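Structure first, commentary second.
We call the chains A, B, C and D, going by the order they appear; numbering starts again at 1 in every chain.
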Amino acid sequence: MTLVDVKLNRRKIEEKDKSLRPKVMTLKEAVSRFVFDGAVVALGGCLYSRTPMAAVHEVLRQGFKNLTLVRNLAGYEVDLLLASGCLKKLVASWCAPGYAWGMSKVLRHYVENRLAEFEEWSHLGIGLRLTAAAMGIPSIPTFSMLGSDIEKNNGLKHVECPYSGVKMLMVPALYPDVAVIHGSRVDVYGNIQIDGYVHMDREMALAAGRVIATAEEVVNEEFTRHSGDRTLIPYFCVDAVVEQPFGAYPSECWNLYDTDFSHMNLYQKKVEEKGVEGAREYIQEYITGVDSFTQFLEKTGLEKLFKNRRSFRDVIE
Amino acid sequence: MSSSNQYSRSELLAVLTARAIEDRKTLFVGVGIPMLAAALAQRLHAPNIVIVFEGGIIAPQIKPSYLPLSTNEVRAARRALVLPPICDVFFYQQRGYIDFAIIGGAQVDMYGNVNTSVIGEYSSPKVRLPGSGGANDIASTCSNIIISTLHERRRFVKKVDFITSPGYLSGNRSREQAGLIFGKPFKVVTDMAVMSFDDETKTMKVDAVLRGLNIETVLSNMDFRPVISKDVETIEPPTEEELMLLRQIDPDRLMLK
Amino acid sequence: MTLVDVKLNRRKIEEKDKSLRPKVMTLKEAVSRFVFDGAVVALGGCLYSRTPMAAVHEVLRQGFKNLTLVRNLAGYEVDLLLASGCLKKLVASWCAPGYAWGMSKVLRHYVENRLAEFEEWSHLGIGLRLTAAAMGIPSIPTFSMLGSDIEKNNGLKHVECPYSGVKMLMVPALYPDVAVIHGSRVDVYGNIQIDGYVHMDREMALAAGRVIATAEEVVNEEFTRHSGDRTLIPYFCVDAVVEQPFGAYPSECWNLYDTDFSHMNLYQKKVEEKGVEGAREYIQEYITGVDSFTQFLEKTGLEKLFKNRRSFRDVIE
Amino acid sequence: MSSSNQYSRSELLAVLTARAIEDRKTLFVGVGIPMLAAALAQRLHAPNIVIVFEGGIIAPQIKPSYLPLSTNEVRAARRALVLPPICDVFFYQQRGYIDFAIIGGAQVDMYGNVNTSVIGEYSSPKVRLPGSGGANDIASTCSNIIISTLHERRRFVKKVDFITSPGYLSGNRSREQAGLIFGKPFKVVTDMAVMSFDDETKTMKVDAVLRGLNIETVLSNMDFRPVISKDVETIEPPTEEELMLLRQIDPDRLMLK
């Protein structure tokens, strides 16, 4: 594990232009400006909730190499990044497509054959790595992971609390090069608002050197100025603002649409049948074979999108 | 389905796990059998338990036949009283606000250590399992940890390949010495037995066995020898009511495989 | 400074009944059940924003002794607690009535004559003491307070970050015996929602052994079940639920009413003229001389309350 | 009012402090002169600064003639883009997101240490001042700290009675050695002079003096001897425009005492 360079990572933030300026751009531009080969990329949301899928598609289309992915619970998106050869390492607490589909054949293939690395932390472990970075401190204490092989495997260190004498495990800060957050809405400056559960998106945005905000809707300044208590992530963290309706599809987005389990089944069926090759065929057909995420949505069909909207309301009532 | 052809092994496990749940407590669960067990207990002897999901969900009301497939999706979050950030849920637990939790595992050893990470070597695994998720955090700081898993020799191993979630580590006082000063393994519930841990050595201890099974059957399905309680109790098989309610909770048998 | 007993303070929380049960009671009952002589009492809000004044009045009426008050920025309420002999110690980062009125004559009298102690921390210092307690850890790192006399005076300790070698100041957890939070609304179980800025109320409620929630409105369960993403403080922290409209008066409550500067002036004028004796006269007239907070509000007059409501909207537009 | 009878000392201090503010930066301020200076700079050379208040307020738009009397009240929070928890504001700063801050003080010493806690002994003070508030946190981790205070001998002391907010501590490398690896004292602005700190010794250094004052007047109002820059510049007094705008911001003279 890399040692923590708190000074370097603070300097990167000090050097940012923190003035209020519009940052709206296309997803293509945002991804090409802020993602790079070898980058440590963090993805907001959790498993199949508010996963920034539009940005994942754009990363796949632009074909970056040697990425490290940081996420708390990961799944389908990791399959895609692995199968297309973008990913060398996953830093997460859990990875599988979801309860209905068991383990990931793609992850198993890559990790069991040492084609990619899976650095495992506890769920709070991932959260605390981002929390420490977000707070501007190099490490933060917890009792999680003590005594486990997660502790040993990651070479984690302890300190003794100077007031209680208690042993505390110190979790090192993690500074992603870029984080992608999919919000309910974002204003032109980058103030992100999220309805429903917010997962670890706030900590992730503050931990990262750069942030791409995709959202269901880009709102004007007036909107945020009347709802500042709903802003989760301040504009100065955010470097690119992209409007992408259904930008988390086929994962869910609170209040707006449910997960599209039928699309997930479609993908899983291909992997069940053909393993990694099935995932590659899926990527070719649905992602690299189209020019934009909106084209992907068109391929899926409006009827399904509308059905997922109804489905969310049906569950929540 | 079991030999009696009345219920499946997962149904049996869900019912026995439900019985281990105490009323009026906060209860951390994941999807699958733990969630079914919680939902069943809620309809039986524990109407006032409060479910907590690691996705950031406190006290949801799951809609019958709309079972969640993850702990962070709308089916799990329905009508929740609080939807806190994920880290906050674990801070509530580290602070002492989560009374009980139920976790599963691919391997469990004689001290209640659980492996959900890898079969084989970590860096070159034979099987790369999904990983900890919140299980390590639960096992580290939840007040009372219930391990719920099918009773199979390949699961009850002498030494887990990887300690994802700490139990009593190497027994005796090793858990506390490692710095785990909060929480403890409380029970192990399987489809054959209910176990706890010896007060001194912290070795797994068989407290009760399902009616109709003898202790030898229980032991022959474990790769280590647990302590046997002086007074092994008999577990009654699932009642009609338990099974009926359980099947109402998961009518599509998403989790009752 | 007391050493941190993380085990004892966790045990207190473990022993709490965390079931969902209605906790609505009178303020009189709440204060008499959860405040006691010698208690460490934390007050939510900040300076003259959402100060739980109704609860402060009740504490004054019940006449507790030897209290320690924990607050980030404190003022008018400290004057009242000092002048009536309830307070032996203030743990805060700042104490004065507010910019318009300069320093507190009452605080000066008590501290300069060693009749009470003021343990000073930085603003984040108070926040981190509560944050550490809320997180269930005995201490937490920061760079604040390093090298200062606040550090020396409080006997603060350092640790070296085991990953970066950087010196970190460790802030010890602080566990108030009871916290009082004034929310925008609270449900019958104690789920607290706060509009506008939330100050340190979340951390304070999780840090405390017991919590009294006063709020402008007590809502039913159905309300919270439809707005779980607005709940800041979970019900299991909360031990008493009290509906008290205008419960922060004369401090402000977001979206509902502005600070009543004229009432603050009235109080300050008495202190200007007669020092501590002026504060005591005010307490006798407005607080201990009436039976309830609502009687105090009546004394102030509905016209003023309505004026403060209009004033908030006038500013915010 | 000053000897010229054109402006008061606090007006002069507000104008000179405003001039020290750089555009397009995040700026942490308190109420009083710092806030007035920020508001004035915003109307002059720094239209794109972003004001941050410790009450949990990012980028508010203060309504003319509705000046806040604290950093956590509706006048300060009006139309803010973000209203975060208080700790978060300080975490933004510790992370590096706050470029500049302006703090005042009852006492300032030759290394830029500031006292707002006590005059006299801490445990038995002659004057118990209000205390740090966020000033210590600002001085500890804000990228660039501007100290703004009236130029008086009782304020510019050899050694502050209490270091509430650290400057360069005892000079040379002592700030870094204390563990303060982020941020630095940037400027000291008074109603007579603008000062910075010597690169090596970190002693306060007079860079500029108000037109019409000689350096001796500046020095005679300090209880220690600062370094004098080789090239002391002349500060132009407030312009008509500066004064007019400033008085528009605080028409009721709440802060311009």
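The criterion applied here is as follows: contacts are C-beta pairs under 8 Å (C-beta built on N, C-alpha and C of every residue); 3 or more make two chains touch, one makes a residue touch a chain.
A quick note: this is a predicted structure, and the numbers were derived from the prediction, not measured.
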item: Farthest chain (mean CA position) relative to subunit B; value: D
item: Comparison of A-D and C-D by number of C-beta pairs in contact, larger one; value: C-D
item: For subunit A paired with subunit D, centre-to-centre distance based on mean C-alpha positions, whole Å; value: 40
item: Centre-to-centre distance between subunit B and subunit A (centres being mean Cα positions), rounded to whole Å; value: 29
item: Between subunit C and subunit A, distance of the C-alpha-averaged centres to the nearest whole Å; value: 37
item: Multi-chain contact residues (two or more partners), subunit C; value: 6-7, 135-137, 142-143, 158, 166, 168, 196-198, 229, 254
item: Multi-chain contact sites of subunit D, meaning residues that touch two or more partners; value: 77, 79, 83-84, 94, 141, 181-182
item: Inter-chain touch pairs (all); value: A-B, A-C, A-D, B-C, C-D
item: Subunit B residues touching subunit A - in the complex, by the definition given at the top; value: 31-32, 54-57, 63, 66, 69-70, 72-75, 77-79, 83-87, 90, 94, 117, 122-137, 139-141, 162-166, 169, 174-175, 178-182, 254-255
item: Sites on subunit C touched by subunit B in the complex; value: 6-7, 10-14, 16-21, 133-137, 187, 189, 191, 206, 221, 224-226, 228-229, 231, 234-237
item: Subunit B-facing residues of subunit A, complex; value: 46-49, 72-73, 92-96, 98-100, 103-104, 107-108, 111-112, 114, 118, 120-125, 127-128, 131, 142-150, 153, 158, 166-169, 196-200, 202-203, 252, 254, 258-259, 261, 312, 315-316
item: Complex contacts: residues of subunit A adjacent to subunit C; value: 3-7, 135-143, 157-164, 166, 168, 170, 172-173, 195-198, 229, 254
item: Touching residues on subunit D, where the partner in the complex is subunit A; value: 23-26, 48-50, 58-59, 61, 77, 79-84, 91-97, 99, 141, 143, 181-182
